[in-house]
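Structures are listed in the sections that come next.
Common to both upcoming complexes is subunit A, partnered first by subunit B, then by subunit C.
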Partner chain A sequence: MTIAENQPAAGAPLIELTGLNVVLPTGERSEVEAVKSVDLVVHDGERVGLVGESGSGKSVTGRSIAGLLPTSPRVRVSGSIRIRGQEMVGAPARTWDDVRRKTVGMIFQDPLTFLNPTMRVGRQVAESIPDRRPVRSGAGGDRTARDRAVFRFLRQAGLPDAEQVAASFPHELSGGMRQRVLIAIAIAKEPSLVLADEPTTALDATVQQHVLRTLDETVTELGTSLMLISHDLAVVAGMTDRVYVMYAGRIVEEGPTARVLAEPRHEYTQALLRSVRSLTDRDTDLYSIPLALRQRFAEEPTHVA
Partner chain B sequence: MKARLIHYGRLLLSSLILFIAVITVLFFLLELAPGDPIQTLVGDVPLSEAFRAQITAAYGLDKPVWERYVLYLGNVFTGNLGFSFGTNNEPVLDLILSRAGNTLALAVPAFLISTIGGIILGSIAARTRRRWLDGGISGGAVALFSVPNFWFGMLLIMVFSIWLGWFPTQGKSPYGQPGIGLEYLVLPVITMATSELAYKTRIMRSSMIESLGQDFVDTARSKGLSSSHVLWRHALPNALLPMVTVSGYSLGYILAGSVLVERVFGWPGMGLLFIDAINRQNNMVILGVVIVLTVVIILVNILTDVVYGLVDPRLRAQFSPQRTLPPEGRQDRQSDEVAA
Partner chain C sequence: MLLEAIDVSKTFRSRRSSAPVHAVQNATLQARPGEFVAIVGESGSGKSTLARLLLDLLDPTEGSIRLDGREVGSMDRTERRAYRRSVQAVLQDPAGSLNPRKRVVQAIGEVIRLHGMARGPAEIRQRVTEVLELVGMEPAAAFMDRFPHELSGGQRQRVLIARAIALDPRIIVADEAVSALDASVKAGVLAVMADLKDRLGVGYVFITHDLPVVQKVADHVYVMRHGRILEHGPKDAIFADPSHPYTRELLAAAPALP
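This part shows the complex of A and B:
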């Protein structure tokens, strides 16, 4: 790769998906179009939400931005993924490694399974700190500076006992703490984009609030962009400026978060908002989107901006 | 610490029971076996009643079987495995120890080669996207695992010793010379290692495929680590646990298999001693060899248990008190106060 390619193209958005299609294998002979002609933009410093129900394609969209789709030759990606103006569809593995090492930090859903059970937490965070020295070495180098950086990122992720946490194995930590470790791993590379895929779904409600607040504060401190993928409208409402609504692999609506939640224009968004239940609801039945409506949404691609 | 002591205490106790059970079963089986050790000892000549009685008394065989059993069991625990029936009346333990080194000279390299080779080949087969490479390794493993090792040994002798003349066919060193010649070691070690290598490769492959599908591999990839770093540093440690189990068993298989391999290569180890003892109905030596093998396998079992803990920190944690970290709630309240 030349240096010129590495430079951010002037005026290019941080992330730009144009007409992105992703086809995933589901069995020996079957496959599914998980993402269909998706257009999506994230600018520097922006906070973008991506909402939709399970199977809507939001996670696949997120993973394709980090180049973390399953590594099977049967996975087909077409369209365009531009990161700082650089085309990533069909890019070599090294270019993707580079993006993951520096530009995109990903926070995953399940804190139990996304940490390596056989490795101490400190090392897992340290691995994420990009090695900017010319000689790459695993164990050598400036240990203490690296350790200090690990402790700093753990504290920033809301773990004040950083030294003790760093020396622990994942199973010795609680679910909330593990999720904070995942946040520390994502921010340790000081990325341009933090990509959080359902970061609090596996946590109970109170811990969820604390972790979200930490995520909010960290993103603000680092001045990075945030892309928050969630099925939970309440989570997205408080955390993002702009939101995309996905259904059946397509983006059906986008706009400023406040506007989309207050006056949704697409029928699916309206239906999705109706199916949210609040504590103040009394004796109304839980609304679920009727099947006929679902089929119509899936068949007729409509996009409301 | 206490839980760990209890765990190992239990392990030792069950090992001891197993040990006594093995001795007991084998002792009485040999007692029931047909044949006449004394006639075998004397050879194909007529035996007078008086002479027979004299030999029987000399070996203590005139005592009732229960008395001999109790006596033998007591002796085993003091390290006395009895005496060989034979002209020299050598102590069985000395006889075995003089041969054990030769067997270990085959078994240890075979064990190391098959374990390390299995880990490497299995991992490569699991990761490669070149189907011919995976197919070649997996298919070769099935083929080699299915081959009986005595036949494979004879095949190696035919090809490499007789046709090509690269290696000697029999023995451990040139005639009359002590020690072990390296060129004598090659073929028997390969014979012993091959089927174990094939088996371990297959186990490792499936274990590695499973490990590579785990979520934490995605986390490792999301850090921009190279795919070889992800494979060897993240996926491998998590794929090793089944390998530890298999390796523990495999040492037992290798030692048991040495009986056949030593026969094929005329290797003067414990296996050959064992076959010899069976042919001569030298019961004390048969018992002694089995006892020594049992002890080795029990020790390997205990070692396997220790290695589990080294490989997987979660298993270590079962025997040690939980690290005391502040509960999540308290910690969050702390950070809330800072934020407020």
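This part shows the complex of A and C:
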């Protein structure tokens, strides 16, 4: 590969996965093809959903985009991950650090594993603000500018009492507040893409609604692209314009979110929607995707665009 | 049969912090075999504490849990054992409720043996087969000798339900039993629970934060917040005309497909 080929290219999509395969070890001698020939594109300013059941490979796909797959030598990645045209498969750790610092901001399901329990929230937000100049304690100028930025990001992430939150430790905050802190940390980098993996799954419905609204408003305000990974079709429905449906490591269907939900074309998407609707529609019987159908879906790779 | 919580309260005190936590305050609730009772509430509402009180896993600070008018706290050992058999638990985390080193037949077989529901390996195996088939794990022989890690999440949850019904309970207290499952798997487990209600006449106290599920399966609904029961009533009445603003807020927040 020439150097020119590996440089960020103007006009290239923000994220472009081509024929991505990821193999993960599951035991001493066993492994699983978690992601199988996945093609996926996210353009600037786009809001893309990635839905699937547990074990579908959606989170592994998300982690590949952020360069956060396990570091074991038994993890095998093939195919292509291009971020602004730059090939990232096989890229050194430093290049990935750069991507995570500047291009991709992440929000995960469980904020406590992501937040440092011994550090006040304000400092954790400050650390992700780019172009950091050395901050001397008590040296005035820079420090207050940084503080102001921290408060601004916290407010933007739906935490009006920014000063108080900044001075708190993670355990002093509620689950919904912690998730908003993660949003603040993600947007403080001014990333091109916010990658949110089940950002509200652990939250109560009323809190989930507020956090999703905050995420929606923040992404709109900053013009950032959003990739929302979720098992919950209702969450993806309200937040994205385009959606990919994953099953057994493959993308089975892709299209405008409204179309996919109203007129799903792949049999799996149809079955999935039928089961989701059977939980809420009063007049339909509870529907669970039959095992025989699942086996067929897993064996026959078909893609509907 | 009637299972009741009468004006029951549970207060947790810790030695270090001065403020006691009133997890449940003056809760009154009734459950019967053949009936699907739901307790809905968000985290911290006290719904799981109420479940533990009903299961005789915690002693109430005030009030009482009664079975057919008989207070659980005043039962002798034999009665209490019978109580624990007729009121069974199915909890949220199937991985945490199953011993990873025991096969399905052992996990279910041991409670059958402990409660003297069957004698001898052949009879126990027969009973395990029956209950696995009742929860839709057919053919039972294909699942009996598996370890928990060789089962999917939905299958593990079914094993827990099978283990509960192996003791012929009248009421199953299910605390967030389907919350962690995908929609399709959730629908499958709920269908099994509804089927057992019809076939065995078992009743449920179903604790959840998932309102759509409650609307789908419950007969009677209790809404909890901050340790108190805010309102209760037949499902249709609660969903059609919630009297408490918090219930309205909960209903509005439930995500739904367009």
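We adopt the following convention: the second predicted complex is superposed on the first by the 280 of 305 C-alpha atoms of A that agree within 3 Å, B and C clash if a C-alpha of one lies under 4 Å from a C-alpha of the other, contacts with A are read in each partner's own complex, and residues count from 1 in each chain.
Rule of thumb we're sticking to: contacts are C-beta pairs under 8 Å (C-beta built on N, C-alpha and C of every residue); 3 or more make two chains touch, one makes a residue touch a chain.
Bear in mind that the values here come from a model prediction, so they are computed numbers and not experimental data.
Asker: For the combined arrangement obtained by superposing on subunit A, do subunit B and subunit C clash, or do they fit?
Answerer: Subunit B and subunit C fit side by side in the superposed model.
Asker: Using the superposition on chain A described above, determine whether A:P160 touches subunit B (first), subunit C (second), both, or neither.
Answerer: After superposing on A, A:P160 lies in contact with subunit B but is clear of subunit C.
Asker: In the superposed arrangement, which partner chain does A:E31 touch: subunit B (first), subunit C (second), both, or neither?
Answerer: A:E31: touches no partner chain.
Asker: A:G175 contacts which: subunit B (first), subunit C (second), both, neither?
Answerer: In the superposition, A:G175 touches subunit B and subunit C alike.
Asker: Between subunit B (first) and subunit C (second), which, if any, makes contact with A:E87: first, second, both or neither?
Answerer: In the superposition, A:E87 contacts neither subunit B nor subunit C.
Asker: With the two complexes superposed on chain A, say which partner A:V235 touches: subunit B (first), subunit C (second), both, or neither.
Answerer: The second partner, subunit C, only.
Asker: Who contacts more of subunit A, subunit B or subunit C?
Answerer: Comparing touch counts on subunit A for subunit B and subunit C gives B.
Asker: Looking at the overlay, what does A:A205 touch: subunit B (first), subunit C (second), both, or neither?
Answerer: Second partner only, subunit C.
Asker: In the superposed arrangement, which partner chain does A:E263 touch: subunit B (first), subunit C (second), both, or neither?
Answerer: After superposition on chain A, A:E263 lies in contact with neither partner.
Asker: After lining up the shared chain so the two structures overlap, which partner does A:E221 touch, if you call subunit B first and subunit C second: first, second, both or neither?
Answerer: neither
Asker: Check the superposed model and tell me the shortest C-alpha distance between subunit B and subunit C, rounded to whole Å.
Answerer: 5
Asker: Show me the subunit A residues, by the header's touch rule, that subunit B contacts in one structure and subunit C contacts in the other.
Answerer: Shared contact residues on subunit A (touching subunit B in one complex, subunit C in the other): 175, 206-207.
Asker: Please output the residues of subunit C touching subunit A within their complex, sorted ascending.
Answerer: Listed in rising order, the residues of subunit C that touch subunit A are 42-43, 153, 182-188, 190-191, 194, 209, 211-213, 215-216, 249-250, 253-258.
Asker: Flag every residue of subunit B that touches subunit A in the complex, lowest number first.
Answerer: Contact set of subunit B toward subunit A: 129, 214-216, 218-227, 233-234, 237-238, 311-314, 317, 322-323, 325-329, 331-332, 334-336, 339.
Asker: Under the touch definition given earlier, write down the residues of subunit A that touch subunit C in their complex.
Answerer: 53-54, 175, 204-209, 231-235, 237-238, 258, 261-262, 271-273, 275-280, 282, 285-289
Asker: State the interface residues of subunit A toward subunit B in the complex, per the touch definition above.
Answerer: Touching subunit B from subunit A are residues 66, 68, 71, 73, 93, 97-102, 104-106, 108, 110, 113-119, 124, 127-128, 130, 158-161, 164-165, 168-169, 171-177, 182, 185-186, 189, 206-207, 210, 213-214, 217.
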